[in-house]
Each structure stands twice: as structure tokens, then as C-alpha cells.
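For reference, the structure is listed below as C-alpha cells.
Chains here go by letter, A, B and C, matching the order in which they are written, and residues are numbered from 1 within each.
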Amino acid sequence: MKVPYPIFRTEDLCAYYGDFMAIKHVTVSIPEHQVTAVMGPSGCGKTTFIRCLNRLHELLPGARITGKIYLRDEDILELDPIIVRRRVGMVFQRPNPFPTMTIYENVLAGYKLLGIRLKREEADRIVEDALRKAALWDEVKDVLHRRGTFLSGGQQQRLCIARALAVNPEVLLMDEPTSALDPKATLQIENLIVELKNTVTIVIVTHNMPQAGRISDYTAFFYMGELIEFGPTAEVFTNPKDPRTEEYLTGKFS
Amino acid sequence: MRNQDPRKTPFPARENWRRMKNRIILTVITVLALLPAIPLFLILFQLLKEGLSSLSLDFFLHLPAPPGEPGGGGIANALVGTLIIVGLAVLIGVPVSILAGIYLSEYGRHGKLSETIRVCADVLQGVPSIVIGIVAYAWVVKPMGHFSALSGSVALALMMIPVVVRTTEEVLRLVPDILREAALALGVPYWRTVLKVVLPTGMVGVSTGILIAVARIAGETAPLLFTAFGNQFLTLNPLEPMSALPLVIFNYAMSPYEDWWRQAWGASLVLVFMVLGLNIVSRILARKIAGEK
Amino acid sequence: MRNLEEKLKNQARYDALFRRLAQAMGVLVILLVIGVFFTLVKESWPAIKAFGLRFLWTTTWDPINLEFGALPFLVGTLITSFLALAMATPFALAGAIFLGELAPPKVANPVSFVIELLAGIPSVIYGLWALFYLVPLVRYFQMKIGAPPYGLGLFTASLVLAIMILPYAMSVARDVIRLVPQDLKEAAYSLGATRWETIRHVVLPYARSGILAGIVLALGRALGETMAVTMVIGNRSAMPHSIWDLANTMASVIANEFTEATEDVHLAALVEIGLLLFIITVVVNLIARLVIIKTRVR
């Protein structure tokens, strides 16, 4: 289906683990400045799909990708993966701040780890800006130079979001970012996601249906590696075209 | 553990015998287990007794003196020598080992090359230290034409490489993959991810491995016999023959002078403190890692 | 963002470069082992050429007339190592059972700690202690039983070797015994087995190959051990006839004569002994490795 202002467009995308085909001929466009939820039963390829979008998938031994993935009309499979990953950030299932770094250093990791030197004021500005966007600034502004590992799970996850935002990505991929968190922390992250879509396009994997309903504008539904349904969330949820989507939404399989 | 009441079992005599046998054998095992403690504690006790009497400030600050001379001489040159020889060995061995460990953990977890490297590291670790000494003699002493501290360091580096390679690999493997992915997803190239995220995360473990290796090589004598060779004088030049604590202990112990025997005990006590200190520190570090998990 | 593009331009190349560097250091480990072997062969070549296989089974070691046969040292090494192993194994095993099964953790943990520290004491210090305390003791004992009262010799060397490998063998065996699953032991207890019966029929069979690997590794250490043996074995390069004899092992003859050898053939003969020692220890270690792999597979 056509969407207004697509930022990502895949054409006949297939992803493999060795001989196993995890993503089968997916053609889809993802709209800019919207939240797109990627849903489907476990093992349906939803995580694999978003890991193709920042070329993390191909790092696994035996993994490969065929087809095309356009990011604003550039095929990212032709680009340097490092450039792609600077433009497409990612937040993972479990919070993973770098344990050897302070909160401040963690936010700047996208610069420090690349050996990019920043002026003191610029660094401070980036850190404050990213932490504010991630709604973490007020909680950590007095402990910026302590290790991030003492923070709660939800705070750690927001720190990881700040880390991803600090390099100003165009797209933020989120792989079940709340599955390791308690309900209160989950709610905070959900509110954050809705706010963030003004700055960045978000693609979020979730198998929490109410969550997808609360936060997403579009929903892509995967089943056994195939994209079987894509459209505005309200439409997909109320009036699914594919019987398998309906079965999933009504809880026939998980 | 006590089973049924013996009165109710069909074979009370047999039951009693089983219980008795259990008690006898466990007693024998306990006695056998405790007997070796006697010589081991005697060694420590006599080392302390003999060694402490020859320790003094002069002993650390003076150079060796001929036997019988008042004041007795000291081990300053051997102390400095051990530090230089071991330090050089660390400089030679550690970068090689860490890189090889990185290869095994980050690039070649599986595969024939890695398996061969692992087997070779095990083989190298098993090579007797005296044989390592011969090899360092052939590689460094022969081409240079004379003994040198450097050749001793090469020998000791050969001994520490397998230890550090294997601990580096094991430690880096424990670093969770999600940290690697976090860095890669920020657009960090893999080599920087390894050097700036993976290695620092595993650094405590790697340091433990290095300390254990240093503790092991610091007391090695055989590989130094025909490499560093020994020197009556203080030298800082690694291209000259150099003294080391283990060499002094050996040479003085085998000498016919009571003066020197006394100094051999003193030097031994110093060496044991060094080695045990390193071992204890490395164990505390190791426990710290285990505690963090 | 110019800065960034500059930074990123060469990253792919650096990535490949770093990978190459790490791989090269890994390959270096292989080359070192090969290098050790070829160096030993090359340096001992004059002796190999001069004596051929005879080197292995002749008993004359004569640096004056340049006639060299290594059998006395082969025998010396085998006798001291196996004697040490025979003396140490029962104690090591008993110690491992005691620490792994019998002693409460409050006792077992500090004792294990001390044992591991003892395993780290340099061998030259064991040698020093043996020279001044063990040798007089053995001499006294030899006089009592009417053996030649040297004090030094094969027996003393074996004794100090046994003391040295004991902590090592014990801690390996204890580690293996600790791996025996608790539920297996509880199954035996619940069938009414006594503690000893559980150890005998459950713990030891389960840990058997691991203990065996530990013993083989300890043997590897004993074979190559140099300093302590050199200091108490008596440095006599002739065929030993009894365990009270002065003798030399392969390692000790190298330690004693290497710096004094002036003739090329003499030096080459010593290196050839080193080569033999290398081959023997490699084989022993590979056997231990095989045993360990087998254990893991099970």
C-alpha cells in the first residue's frame, strides 16, 4: 500500500540464516515521522526485519540479505554499513548501557567510540539535549559522571534511547524495548515514543497488542517471514483483511 | 544418611559392617589428606624462619659481596634485574597474547585455524621451561654472541603467551553480545567496538590473567640459566647479562658458603612474597568479577 | 559533519587491518610452536647425525671423548616422574575427596586457597628447602637402612617432585569431584548407601576421566620439572642402578651442563635431550587434552 512521505522502502527483501529464509519477499514503505509497529507471533521474522534496516542482520555468521532497501531513495545495501547505522539508530530488547562508561560517556558513545572529538560545550549540549529528549535529564543531571549500571531498568532503557538519539538519527528502530520493564517504566517509554515521533521516525517491534494500539500510527503484520498486512493501525486492528491477522488479534495464536 | 533401624533389617551383621567400613575408610582418607600438609607447612615455616633472619634494609640496597665479607652483601641487582626481565617479558608477550585472544574470541570462535591456535597454545604451555630456555638461547643469545636480559625476557614471554591468550579469549567470550550490538548499532566499526567496548568490559579478567602469568614467570629459574645468566653487578641495560632473584637463589644455594646460603633464604622469602602477593591480588580480582555477575 | 565523513572513510580498511593483525598474532602462536620444534631439531642436528638412534639406548655420556648416549637421563626422568606420581596420587586423591566431599565449606575453601597458593611457589624454592631439610633427613634414613648415605639422589628428587605436584594434582581432582551433580549423590544416599559407598560407586566413577586427566597433567609437569630436581639429584651422568643412586634427569643434565659445554657436539647432544623432552611432554599433554575432551563429550 502507498503511504505519504515514505522514508524507508523495501523491495522484494529476503533475509537468510544460512539456508533458512527468515524474511520472504517483503515489499513495504514506512512513513516518515510516524510510529510503525511491527507485529506478529514469535519467530515470524519481525526482529530480523528491523535488523535488516540497519544492517545488523548481516553480522551474524551465515546471514545474508537479498532485495533492495531504500532509505530516502538510497539503497542502503550499497552504502557503507557504518553510515547506515549512524542514520538508523537502534534500541534493544534489554537495556544495554556500556558498563565501563559513565552516564555522560554513554550518551556520547556514538561520538567517543568513533574517536570523534567534541568541544566541551558542544558535548554538554548534546548530552543535555539527548537526555531531555529521552525524558531522563531531570533524574540523572546530578549523577552524570557515575556509571550507568546503578540506574533502574527503565532508566537504563531511556539512557539507551538518549544514546541512540545523540547522533541525530533519521530513524529509530526499537526491538521490544519494554519487554524487560515493569508496567510503570513501560508507560513512561510509551509516552516518550509518542513525543519522539516529531523528531524521528520510529519502527517498533512489539508483541504487546494494546501497546501497538496505543502508540503506533501504522502496523505491519508478519507471519512466518511474510508481510501479510500493512496499513494504518486503526484500520488493521478494526478491519483486518487477512484472516491470519484476525486470528492473531483475537488471540488464536501467540 | 542413616537408613532403617538395624533391628528391622534382615542382616544386622552386614549393616554394622557397612557402617564400620564407612567409618574406617573415611578416617583413612582424612588422614591421607592431612599428611601432605606437614611438608608443605614445614616449607613455609622454615622459609620464614631462615629468611626473616637475613632480611634487613641493607639486604635490599646492597650489591652482592664475596663470601665472608662483613655486612654480607645484598640482592639489589637481582631485585632490579627481576623487575626489568619480567617487565620486558610483559611488554613483549602481552600485546601479542591479547591480540591473539581477541582473534579467538571475536573473529574465529569456530573454525580450523582457531582450533589449531588453541591446541598450539596448550602445547606451548606444556613445554618444559628448560626447553624454552634452550630455544631463547638459540634465537637471541647465539645471534647476539652473548647472554642478555632480553633473551631471558623472550624466554619468559614465550611462557606467558599461552596463559594470557587463553584467559583473554575466555574473558572476552563472557562479554555479552548485546554490548557489541549496541556499539555496532551506533555505527561504530567492529575494530573500535572490540578495542573500546569489549576489551574494557573484560579488562579486569584480562588483568587477572596477566597477573597470574606474571606470578608464574617471576619465579622461573630454568629459562634464565643460559639466557639472562646472572651478573654480580647492577645493570639496567637489557642487552647485558642480568641477575634475577631465582638465579641468585639457585647459585647461592649450590655454593659452598654458609653466608650465601643465608642470603639464598632471604632472597627466597622476598620472591615468595612477590609471587604470593601477585597470586592473592589476582584472586581478589577474579572474585570481584565473579561477584559482579 | 565533514569531520565525520573523514573519520568514516577509512574505517572499512582499518577493520580489515585490525582483523588481519589479530589473526597474525593468532598464527604467531602456531608459528612459535613450529619454531620451537624446528629450532630444537636444527640445533641438535650435529648430535642426531653423529649418533643416530643409538643416542636413545646407549648409556655412555662422555664429554671428554665426545661420546653421547641419553639413556641414563631418559631412565632418570622416567623413574623420578613415575615414582613421584606414585607417591603423590594417593594423597592427592584423598585430599581431593576430603576437600570435595567430606570437609565442610568453612574448612574446604580456605584450605583449597592455601593449596593453590602453594602450587604457585617457584620450584627453585622447593629445591632450596629440599637441599637443606630433605637431604639430611633422607641421609639419616639411608644410614638407618644401610643404603649409601648420599642424601642426594633419585629418591630425594622423586620425593621433592611428589611434594611439588601434589597441590596441583589435588586441585585439579577436587575441581572435577565438585562437578559431580548433587542429585546423583542424593539418589545414592536415598537408596541407603553410606558416604563411602556413594563416593566409591557414584562420585569416583563420574569423575574418573577428569581425575585421570589431572594425573596425566601432573605427570607432564613432573617430566619437565628442572630446578628442584637439579638441586637434589646429585648430577651424575651414568646409568642409575638403584633409587638411592646419584643420577641426572633430562632436564637436570641440560641445566647442569649447557653453559659449560664447549664442544658443538656436546651442546647439540644436550639440545637433542631437550628435543626428546619436548616431544614427550607434548605427547603427554595431548593425551591429557584428549581425555578432557572425552570427558566433556560425555
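What to note about this one:
Please note the rule applied: contacts are C-beta pairs under 8 Å (C-beta built on N, C-alpha and C of every residue); 3 or more make two chains touch, one makes a residue touch a chain.
Since we're looking at a predicted model, the values are computed, not measured.
With chains reduced to the mean position of their C-alpha atoms, the one farthest from chain A is C.
Closest to the middle of the protein, by Cα centroid, lies chain B. Here the largest set of C-beta contact pairs joins the chains B-C. We define each chain's centre as the mean of its Cα atoms; on that basis chain A and chain C are separated by 55 Å. Note on chain placement: the centre of chain A and the centre of chain B lie 48 Å apart, centres being C-alpha means.
With centres taken as mean Cα positions, chain C sits 14 Å from chain B. Listed for chain C are residues 8, 11-12, each touching two or more other chains.
Touching two or more other chains at once are residues 187, 189, 192 of chain B.
Counting partner chains per residue, chain A has residues 82-83, 86, 114-115 touching two or more of them.
On the side of chain B, the complex with chain A involves touching residues 176, 178-179, 181-189, 192-193, 196-197, 200-201, 203. Put simply, chain C touches chain B in their complex at residues 8, 11-12, 14-15, 17-19, 21-30, 32-33, 35-36, 39-40, 42-43, 90-91, 94-95, 97-99, 102, 113, 115-118, 120-129, 131-133, 163, 166-167, 170, 189, 192, 194-197, 220, 223-227, 231, 251, 254-255, 258-259, 270-271, 274, 277-278, 281-282, 284-286, 289.
Every residue of chain B that touches chain C in the complex is listed here, in rising order: 1, 3-4, 18-19, 21-22, 25-26, 28-30, 32-36, 39-40, 42-44, 46-47, 50, 95-97, 99-100, 102-104, 106-108, 113-114, 116-117, 119-135, 137-139, 158, 161-162, 165, 187, 189-192, 194-195, 215-216, 218-222, 225-226, 229, 246, 249-250, 253-254, 261, 264-265, 268, 271-272, 275-276, 279-280, 283. Partner chain B is touched in their complex by these residues of chain A: 54, 56, 59, 82-86, 89-90, 92, 94, 96-100, 109-110, 112-115, 160, 163-164, 167.
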